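Order of writing sets the chain letters: A, B, C and D. Residues in each chain are counted from 1.
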Amino acid sequence: MLIIMRVDATQTQIQGVVSRVESHGLRAHLSQGEERCIIGAIGDGRPVVKDQFLRLAGVDRIVPISRPYKLASREFSPANSVFPINGVNIGGNPVVIIAGPCSIESRSQLLETAHAVREAGAHALRGGAYKPRTSPYAFQGMGEAGLEILLEARELTGMPVVTEVMSVEQLHRVAQVADVLQIGARNMQNYSLLHAAGESQRPVLLKRGMMATIEELLMAGEYILSHGNRRVILCERGIRTFETTTRNTTDINAIPVLKNLTHLPIILDPSHSTGNWEYVNAVARAGIAAGADGLIVEVHPRPEEARSDGAQSLKPERFADLVKQIKAIAQAVGRSTDQDDH
Amino acid sequence: MLIIMRVDATQTQIQGVVSRVESHGLRAHLSQGEERCIIGAIGDGRPVVKDQFLRLAGVDRIVPISRPYKLASREFSPANSVFPINGVNIGGNPVVIIAGPCSIESRSQLLETAHAVREAGAHALRGGAYKPRTSPYAFQGMGEAGLEILLEARELTGMPVVTEVMSVEQLHRVAQVADVLQIGARNMQNYSLLHAAGESQRPVLLKRGMMATIEELLMAGEYILSHGNRRVILCERGIRTFETTTRNTTDINAIPVLKNLTHLPIILDPSHSTGNWEYVNAVARAGIAAGADGLIVEVHPRPEEARSDGAQSLKPERFADLVKQIKAIAQAVGRSTDQDDH
Amino acid sequence: MLIIMRVDATQTQIQGVVSRVESHGLRAHLSQGEERCIIGAIGDGRPVVKDQFLRLAGVDRIVPISRPYKLASREFSPANSVFPINGVNIGGNPVVIIAGPCSIESRSQLLETAHAVREAGAHALRGGAYKPRTSPYAFQGMGEAGLEILLEARELTGMPVVTEVMSVEQLHRVAQVADVLQIGARNMQNYSLLHAAGESQRPVLLKRGMMATIEELLMAGEYILSHGNRRVILCERGIRTFETTTRNTTDINAIPVLKNLTHLPIILDPSHSTGNWEYVNAVARAGIAAGADGLIVEVHPRPEEARSDGAQSLKPERFADLVKQIKAIAQAVGRSTDQDDH
Amino acid sequence: MLIIMRVDATQTQIQGVVSRVESHGLRAHLSQGEERCIIGAIGDGRPVVKDQFLRLAGVDRIVPISRPYKLASREFSPANSVFPINGVNIGGNPVVIIAGPCSIESRSQLLETAHAVREAGAHALRGGAYKPRTSPYAFQGMGEAGLEILLEARELTGMPVVTEVMSVEQLHRVAQVADVLQIGARNMQNYSLLHAAGESQRPVLLKRGMMATIEELLMAGEYILSHGNRRVILCERGIRTFETTTRNTTDINAIPVLKNLTHLPIILDPSHSTGNWEYVNAVARAGIAAGADGLIVEVHPRPEEARSDGAQSLKPERFADLVKQIKAIAQAVGRSTDQDDH
C-alpha cells in the first residue's frame, strides 16, 4: 500500500501516518518528491483497513499495490487449474461445451434436450430447477421435481449436470444431484451462499455479476477457494452497459484478462451475454477464439414454448452447427473439443 | 403487449401469431401499416411469456405496454404510503433521518454513536451486525454479539433500529431485534431473501442494486409486497457507472422518477452513493431538495478507526451540521424534519 | 509518477527503468518492498509519455501522482473564479439562471420566450441557431437567420445570450453575437474547436460529454484555458448509464467534486440530464442544493410544437415556479438569485 | 410510430392525438385495449418530431416502429457492400488487415513500420498526422509534415493509407493523401465533419464513439451516406463501461448485430478496445471469429519510445504472429486473408 500525502501535508501529519503504519507491524518507507511525500507501507497489508489511512490528517489517497485476492491468482498457482467434473476435464486443452435448457420444464423436455445436445457433441448438461426471476409472477422453476428429472437425465445420458443453487437452504439437496453447482450472476456477491458453496467441496460454476468488475469476480471466487474448495469455474456472461440492442454486453476482453490474472478455468455464456439466439453462435466462436476453456449454451427443442429465456435459446439443429463451428475455431487456436485429446 | 411483425412477414405468419394470442385467452387486434403489421394482444398479458412470441415466425419484436409491477405502482395505490417504524412515521411530510455506523464494532462505539446522532436530531439508528464484504479476509461483522449491542442501543435511546439481513437463515433472529430489516444492494435480487422478508411482515428497507434499473428495484419491491407486507422503503444508494472519482454515481433522477411511479417511501443513502465524507452533505441536501422522504447516513465517532466504510463516514459534528442543513432544505420544499409536524 | 515493478523484476530491469527516468531529467527514488520494487520519478513528469515506461521490461503498472490539468485546478487558483458575462456575474454568491428554447425556430417564438423567461427571473437567454442532431433528416437549426433573431432578442431584453458553436468555421460569426459560446456535449473532445474557442477569448460554456469523466471535462477546460482564456463555465448535463427511464443520469456528485477540484463556475442543465419536463424542477433544485453556481434550462411556449427537445422543455408558467423554488433553495444554502446581492 | 395513451386518457385527448396525426398527412389507427388506447400513425413518420406527440394531453409514451436510418440499413441494401480502397477490397470474403503506428513520429519510424507490416501480411497502412489528445500538453501529431511522410510510405510500399481527419479545415488536404479518411471516436457525432466527409466522396472509416449506441453509429454513417458517399466502413473500437482492467470494453456483440442491421463493412480495432498489447491478439481473433470484415491494429517498432499509445502497440514480430493467427481463424469461418481469394 502506498499512502500519497497531500501537497500541503505537514511534517507532523507525515509522522502521524508513519506511526500508524508501524502500529500495524509494517515498515514505513518515505519518498519525498518535489511536490509531495509518498509513504510506502511495507509488509503484508492485506488485513489492514485502507480507509483508516485515508482519514488520517494530510492524506490525499491510497494506492493498493498487492492484489486483494491470493488463492485465485496466477502468482499463487502459475499453472492452469485442470480438474474433472464427473469424467469431463475442464481447464485443459480440450474446450468443454455445456448445453441444455434454461429451465427444466418437464421430463420429456429435458430428456429430449439432453439426448439432442449429447448427440451434437455437448460434454455436460445444464438445466435449472430453481430459477431467479425478475418478476414474482413469473415461473420460478420446478424445484425438487426438476432435480429428480435432472438426476434421471444424468443417468440416462451419462453426462455430468450443472444446475443453479439460489440459497443456502437448497444447497445440501442440490449438491446431491449436481456435478457442478451453478451460482448465478445475481448471487455472485451473496456471501452466505459463497461460503456454503465453498464448504460443500463441490465444483462451482461462478457467474460474473452483470455489474461486477473482473476483480470482484475473482474476490467472489476467493470466498469459495478460501474454504479449500479448489474446483471453481469462472463464467463471463455479459455485463450491463448503455447498449440496448443486446440483453448484455459480452466482455470478451475478460477472457484474456482472466487468463492472465488467474489459473482457474474460464468459460463463456453466449446465451445470456447476447440475449438473442441469432447472435449466440458468432459470440460463442469469439469466446473460444479469445481463449475461453468452454461454453455454456442454452438449447431448447421448441424455444417458442420455453417458459424462460426462449429468445436466447438455440434449437438443437442450430446447436449442432455451433458445435461444428467451435471445433474449427478450437483447432485454429491449437485446441480440441475432444476430451480424449490431452 | 404489442407484437411488431417483420416487414416481410407473410399472412400465414400473421395468422400464426393471432392464433397464439388467442390460445392465451387474449384478443388479437391487427393494425396494418404501410410497412408492416402490428398485432395488439388485448387482455391481462402479465402471465404470458413474451419470449415465446418473439420466437414465432415473422415476429420482429415485442413491446410491453403494461408495467410489470402492480402492487408497487402509483396506479394501484395513488396516495403516498405512510407507515410507522416503531413510532417514527416514514413517507409523510416530515423527512426521516437514519444514522449510525456502517458496522457495529463494540458496545462503546455503537452507544457513543447512537447518543450522538440522537442528540443531533436523527430519528432512527443504523448499524450492521452482519456485513457483506468484497473480501473474505475482511471483517464480516460481529454477528449475534452485534445484534445484542444493537438491542441495548435501541432500549437506551428509544430510537428504532435498522440493520442488515444477509440470508434467510439469519432472518428470524434479525427480525427479533430490528424495527426495519435492511436488504443490501448486493442482495436486491436475492429472491429467496426477498420472499422471506415479505413473509416476515417486518418493515423492509430495500436498497437499489448498484446496477439495477429503477424498474428492477420496483420488481424487487413487488416480491416483498406480494406476500402482503406493505411496509417497504426504497433506497437509492448510487449506481455503478464509468465515473471513478466517486465510489458510485448518485442517481438523483431516481428520486422524482420513483415518486412518480410508486407510492412507496424513497430515501437516499448519500454515504454509499458518494463514498467520500466530503461529498455526503452536498448530496444529502440534493436528495431532500429532489423530494426524498429521508436519508440514511453513516456516522462514526472516529472514522480513522472504523473497520468498514471509514472513508464515507461523517464525524458526529459534521453530521450535526448536516441535520441543520437538511432542516433548511426541507423547509424550502415545504417539509419538516420534526415528526410532530403532520 | 510511480513505476510499480513486477514481483519478478530483475535488478537489471530496475536499473533500466532508473536510467530511463534519469534520461528525462527526473530523479529516481527506489522503494524496495517485501514483494516488489517501486520507483518514484521525481520532478515535473507532465511532458513524459507514461506509456513508454509501461513498455519497459519488468514494469507492472504506472501510477500518476500529479493531476494532468493545472490551470483548471483549485491548487493553481484557490479562490472561485467569478467573472461577468455581459453584466451578469457568474461564479459568485448569486446563482445564475439561463433559460430559453432548445432551438430558435422563429422570431416570434424566440422573442415570446425571451420576454417570458426574463419576466420570470432568468438572468440570461439560451437558444440554438446551429443544432447537433442525431439524424441527418432532422431540423439542423436556422443558422445565420437564427443568429440574427438572437441578436434582436438580446437587444430587446438586455439579457446576455448563450448559443452553441459546432465548428471552427462558424466560430467567428457566432462570437459576434454570443456573450457566451456554448460547446455541446458531443463536441467536448473536438480539440480543434476547443483550441479555437480558447483563442477567441470569449466566455465559453463547456458541457460535459455524456460519457466523459470529470477529469476529462477538466482537461477539455484546460485546452481553452491554455490559450489564456480564463472565462470557462463547466456544465454537468447528465451522463449515459444503463438506466433508461430518463434520457441521461444527472451526476449530482459531480457538483461537489468539481467544486473541490476546480475554481471554475459549475452549472447544471436539468433539461438534458433528465430529458423529461416532469423531472426538471426536482433535479434543478437538487443542483442548487448541491452547490451549483447556476442552471441552464430549456423553456418553450408550446413544447408540443417544438422542433427539438419538446419532451424536456418547460412551459413558461412551470419555469416561473422553478425560479421561485430555486430562490428558496438558494437561500437555504446561503445564496441568492439576485445579482445585486454580492 | 405508435402513440401509447395513458390509462386515464379521455376521448377528447384521443381525438386530439388523432387530429395531430392526420395533420402530418398520416393515417391514425386506433386500437382500444382493456386498459388503454394505442394509436398507430401510419405512413412515413420519419420527418415527424416525436417529442411533439409526447407533449399532447393524455399521451404516455411513443414507440418508434421504423428504424431511424435508411441508407445504412440491410433492408435498403440487402447484399454486403464491397468496395475497393485503392486496390484492396473491403466487405467481401477476404478479411482486411490495416496496421501501423498510432502517430507518425518520423520518416524512419513510419517507413520501418510500413515495410514491417507489409512484410507480415498487412493490406493497408494506418498512421496519424493529426492526433486528438486528452491533454493540451501532449504531442498533437506532426501535421502536414506527417502527411508528406505518409505519402512517401504509400508510394514506397504500394499500400493504401488510412489517416485521421479532425476538422473540416483539414479535410481537403488530408483527402489528397489518404485513401481512407478516418473519423475518430471523439468526432463520431461531430456533424460538421460528417457532412464534409460525405461531400468529399472519399472512403471513410468511421469509428464508434466510446459512448455511442450501435444505432447512433449507424445514424452517423447515415450522415455520410446521405451525401451519396457509399464507401463507409464502420469500426468497433470498444465502449466505455465500469470495468477498469482494460482501457475500453470491446463490444464483440456489435459485430454480429451490425452484420444483421447494415450492409456496410465492419472492422474491429483491438488496440483501442483493449488498450493493452497483451490482449490485442486474443481480441483480434475474437473479432474475426465473430464475423468482422477486418482489423485495424497499432504496430510500433519500439513501443517503449512511442509518443502515443505505446501500451497498446504491437511490436512487428507480435504482429506477424497475429497475422498467422488471423489466417487460421479466417479459414475456420470460411474466409481468407488473401485479396486474390474472391
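To be clear about the criterion, a residue touches a chain if its C-beta (ideal position, glycine included) is under 8 Å from a C-beta of that chain, and two chains touch if they have at least 3 such contacts.
Since the model is a prediction, treat every value here as computed from it, not as a measurement.
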{"item": "Most distant chain from chain D by Cα centroid", "value": "B"}
{"item": "Chain pair with more C-beta contacts, B-D versus A-D", "value": "A-D"}
{"item": "Cα-centroid distance, chain A relative to chain B, in whole angstrom", "value": "26"}
{"item": "Length of the line joining the C-alpha centres of chain B and chain D, rounded to whole Å", "value": "39"}
{"item": "Distance from the mean Cα position of chain D to that of chain A, given in whole angstrom", "value": "31"}
{"item": "For chain D, residues that touch 2 or more chains besides their own", "value": "211, 240-242, 244"}
{"item": "Residue ranges of chain D in contact with chain A within the complex", "value": "211, 213-215, 239, 241-246, 249-257, 259-260, 273-274, 278-279, 282-283, 285-291, 325, 328-329, 331-333"}
{"item": "Chain A - residues contacting chain C, complex", "value": "2, 4, 7, 29, 31-36, 38, 40, 42-44, 63, 65-66, 75, 240-242, 244"}
{"item": "Parts of chain A lying in touch with chain B, wherever the complex brings them together", "value": "46-47, 49, 51-56, 68-69, 132-140, 166-170, 186-187, 189-195, 209-211, 216, 219, 222-223, 226, 240, 277, 303-311"}
